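Presented sequentially are two complexes of chain A, the first with chain B as partner and the second with chain C.
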Partner chain A sequence: MKPLRYILLTVAALTFIYPFVWMVSASLSSEAGLGSLTLLPIGASIQNYMTVFERIPLGRAFLNSLFVAVFTTGLVLLSGAMVGYALARMTFRGRDAIFYLIIFTMTLPFQITLIPNYITMVKLGWVDSYLALIVPFALNSLSVLLFRQAFAGLPQALIDAARIDGANELRIIFQILIPNILPTVLTITILTFMGLWNEALWPLIVIRDEATMTMPQLVTLFSVGGRADGQLGVKIAAAVLLALPIIILYLFFQKHFIRSMASSGMKD
Partner chain B sequence: MKRLTPYLLVSPYLLHFLVFVAFPVGFSVVLTFHDWNIISPMKWVGLANYGRVFRDREFWQAVWNTLRFLVVHIPLQIAIALFLAELLNRTIRGAAFFRAAFFLPVIVSGVVVTILWQQLYSFNSGLLNRGLVGLGLGRVGWLDDPDVAMYSIAVMATWKNVGLYVILFLVGLQSVPEQYYEAADLEGATTWQKFRYITLPIINPTLFTVVVLSTIGGFSLFIEPYIMTEGGPLNSTLSAVMYIYKQAFQYYHMGYSATLGFCFALIILLVVIVQRRYVEKEV
Partner chain C sequence: MANVQLNHIAKAYAGGPRVIRDVTIDVKDREFLVLVGPSGCGKSTLLRMIAGLEDITDGDLLIDGRRVNDVPPKDRDIAMVFQNYALYPHMTVFENMAFGLTLRKMSKVEIKQRVEQAARILEIEPLLHRKPKDMSGGQRQRVAIGRAIVREPKVFLFDEPLSNLDAKLRGQTRIELQKLHRQLNATMIYVTHDQVEAMTLGDRIVVLRGGDVMQFDTPINLYNHPVNLFVAGFIGTPPMNLLPGIIQQRNNRLTFDSQGNTLQIDLSKSVHHERLQRHVGKPVILGIRAEHLTDAPTSGDRPFFSSEQLPFEAIENMGNEALGYLTIEGIRIVARLTPDRAATLSPTAHITLFWDLDKVHFFDAETELAI
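Here is the complex of A and B:
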């Protein structure tokens, strides 16, 4: 029984890993090597990658993606901590109402808000600017809820002691409490960063100018437009470059990735 | 000042809510009663947009496509995720490695996964068809046959997401006390009985989560058909979001596409309510 289980598990693991290995190998192969099941590239060359960089500003898109994802994640952490703290540790009129609004927001299908949000971007003059990629994502309900839950679990004595020392609420949140809930901070960072890094639909709607595009958008347009000339190897090379940064992060933080995603799945 | 502090702290949320939730929801209601291309003034059309939704064959095609997607995607996802979770549940050595492997496609962009599978599914040079030809069988139009294409996308989506559900099921399975199974063994219960009467009731909430998340995912499908098939062949992979996108950004029918958004959201809600009743009654 036991060997059979390991055989099945190994087959399954290969089903999920091998396609990525194949991708890398195919991207380094000549067009002729694309149709075979290989581990190593056939007729190894970096021509596909050269072609990608010749035809689209992928380096620029990488920097755009990085800037948007890092900056927005920072804002999500800031706003989430402030709102989550107020909801968890302060009593004020309307607190419960705000909590229910957050739950409502989370269950609201984005299909309803997509078009009006695009119109807001047009009216604000944010089309083709980083603002359109950052501001709508600068706060999210899940991070507020996760912060609220984490702050609620901390002892009141921690806050009281800080108050006696004359700390204001912002100092209490960011200097005293945050160091005690780092796992939550990491969870929110991973979920937000990954979501932003992989987001393709919203950029496709609000960005038309190539210089402001993020990687998923640029790779998508490259892939569906004529610029890859139907060359599969070139498309696959672009896809490898898009996947690489997040896979590298995953190699370092895989347990945290899994735990974070699982905890967000459980919330729904 | 002290009394104002909490309001200052929640002000980012309130501002964000007003601009990106309350306003768009309100405005989309207004939009559904208008004809508007963003540039010229809005034109009041009453309920005409809603009437049009009912007669719009492409809208119903998109709903039908999503249901066809879900009919394959949900059972496949549950079966594979449960099977792998069950295998992992009694595995100690290497469990972390297998978990990490199953999870790999979950973290990668849908764009990457789609480009990868587009090659696997390719009619002439794809690995799948080469395999079939090698076995002496005929080629399948994975993305070229209107009767097949949506199911191909459903299989790809399962491959991408199943790792997450393995983890969720695993959490559920690990909360089943070992004594339950031991007691069942003493009573001479079969494997199926143990699964049906011990495991299933405990993982039922997870089952519901998987069903709901997959349903929402099905109605959110966009980038996969956008890259792979552009909704074709013969609109057989046109998804709900793709159709909203098409109406808004190819034809500039803002009023109509807002109406579509509303109707799709309503359908999601209905489907989830039906699923909730069914899944809860089942166990």
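Here is the complex of A and C:
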């Protein structure tokens, strides 16, 4: 049975990895070499990449994406920790109802809230600004849920001891409790960051100004909007550039990525 | 240092019954007070109320004459040692001890000085840069105490600090706590369910049950003069023998007849004679400690009662003392034997026991109060 298992797993692994390998090699091939399924680039050149950078402000989009993803992830951690702590450790009327309401919002697909959210952005005058990219994502129910569960699992005595030592609630959360649930923090960070980094639909709706666009948005517009002149190699090169930051992050935090996926039970 | 006063303290959780009903205790300056009772008696809740970790539903709590009901824990000038130590896992021992001082904006020099001094007292200097997970239970325990000491609080609160230690370490730490109390000259309030800890550590002991104070007295008074059946049964190892029966008056003689009439104890000459007159014909419970139920008559001319030869069920001989177990009317009774003699007895020997009648306790069977 054992050899069979290895063969199956190898086939599965190749199935997953090959399109990616092809993507990289195709992006480095000349336009003529794109027809065949190859492992190595045909007529290797970096011309496709040059073209991408000539046509669109990808550097600017990268910085936009980085700023939005990092800043928003920070806000998600802050807000999630505070809400999660209140739901886990404080007693007040309606606490459980609030918690279930927050969980309920997880069941709503993003598409349902898309239009109302867009109208809100228009009314607030936030279209074409970073605010539209950041604020709607600054509190997320998954992070509240994960923080609440993690805080609920810590001993009450830790909080009592800190309170007697003179710590206020914010200090208890951020100086005493958070350092003891770092795996959860990392999970939330990775999931949130990836979700934000890959988000293309929402920016397409609220951002029209090229200087404010995020990478996925710009690459999508570039690929389907005609500016690539139908050159497949250039589109693919743009896609590789889009995936690169997450791949690099994955290489650094591989173990935590896997744990994050396993603990949240979802991938996005 | 300070005195702590609890005046008619009560506690109820939202909408529920009162878990602490009406507790009035006055802890003197520099006293070591122990709150003891079975689990669920409210002792920890009471301690947490003194600490400020639980709201006080009713009554007044005074520390050094100041009402602190609504004062947050950090401003009560107390320090607490928790059962599971509650050390901050991500901080070193030094940081754990310094945390409270840093929040009080104390200078770095003074913090260092205080932490090092406490570490010296507790002999944990080599551990200062370790994290809690790299230490044994006993060491963590010391750090937890150290964290309290550096604060130099008016009142120390201990919540079952020894119950996570093994028996040997618990015995050692008990002695060190006594030393520490003398050394620091501090008011200490200590919660435990272990009556041995209570007896050995407490200047005075509060025995609690179901949110009520059963008795508040010195260890020796609790032992010798329990005010009710609960305290009698709770304090002392082995526990006091309790035998239900009735007081009878026969031919001018006052006797205690056990329920099944196995024993008829003549009380005419005992010190209880006068007090028991009012209970003639009423059910009572006789209490006698093992050391007053022995295999040899008491010296002097104290009155004793010798029971018929009764068979033992088991004998435990520990060398310094020996305990014999027998059953009278379905109730397990324990007697203290001389170890040398016990060594010669078969475990099921029949033996005459001598009951020291001046040391016998009587309790009203209805009210459970001492007579």
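To be clear about the criterion, the second predicted complex is superposed on the first by the 265 of 268 C-alpha atoms of A that agree within 3 Å, B and C clash if a C-alpha of one lies under 4 Å from a C-alpha of the other, contacts with A are read in each partner's own complex, and residues count from 1 in each chain.
Here is the rule we go by: contacts are C-beta pairs under 8 Å (C-beta built on N, C-alpha and C of every residue); 3 or more make two chains touch, one makes a residue touch a chain.
Bear in mind the structure is a predicted one, so any value in this text is a computation, not a measurement.
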Worksheet item: Which holds for A:12: it touches chain B only (first), chain C only (second), both, or neither?
Response: first
Practice prompt. Would you check which partner chain A:23 touches, where first means chain B only, second means chain C only, and both and neither mean what they say?
Written response: first
Item to complete: Determine, under the contact definition given at the top, whether A:164 touches first (chain B), second (chain C), both, or neither.
Response: second
Fill in: Which of chain B and chain C A:113 touches, first, second, both or neither
first
Practice prompt. Examine A:209 and indicate which partner it touches, taking first as chain B and second as chain C; both and neither are also allowed.
Written response: neither
Discussion item. Output check: A:122 vs chain B and chain C. Expected answer is one of first, second, both, neither. What do you get?
Written reply: first
Item to complete: Return the chain, chain B or chain C, that is in touch with more residues of chain A.
Response: B
Worksheet item: Same chain A residues contacting chain B and chain C, which ones?
Response: none
Fill in: Residue numbers on chain A that touch chain C, as the complex places them
155, 157-158, 160-167, 171, 176, 179-180
Discussion item. Show me the residue ranges of chain C that touch chain A in the complex, using the header's touch definition.
Written reply: 48, 51-53, 72-74, 78-80, 82-90, 99-100, 103-104, 147
Worksheet entry | Residues of chain B touching chain A in the complex | 3, 5-7, 9-10, 12-14, 16-17, 19-21, 23-25, 27-28, 31, 38, 84, 87-88, 90-91, 94, 96-112, 115-116, 118-120, 122, 125-127, 130, 159, 163-165, 167-168, 171, 209, 212-213, 216, 219-220, 222-223, 226-227, 230, 240-241, 244-245, 248-249, 254, 257-258, 260-262, 264-265, 268-269
Practice prompt. Report the residues of chain A in contact with chain B in the complex, numbered from low to high.
Written response: 5-6, 8-9, 12-13, 15-17, 19-20, 23, 26, 34-37, 79, 82-83, 85-87, 90-92, 95, 98, 101-102, 105, 108-120, 122, 136, 138-139, 144, 169, 194, 197-198, 200-201, 204-205, 216, 219-220, 223-224, 232, 235-236, 238-240, 242-243, 246-247, 250, 254-255, 257-258, 261-262, 265-266, 268
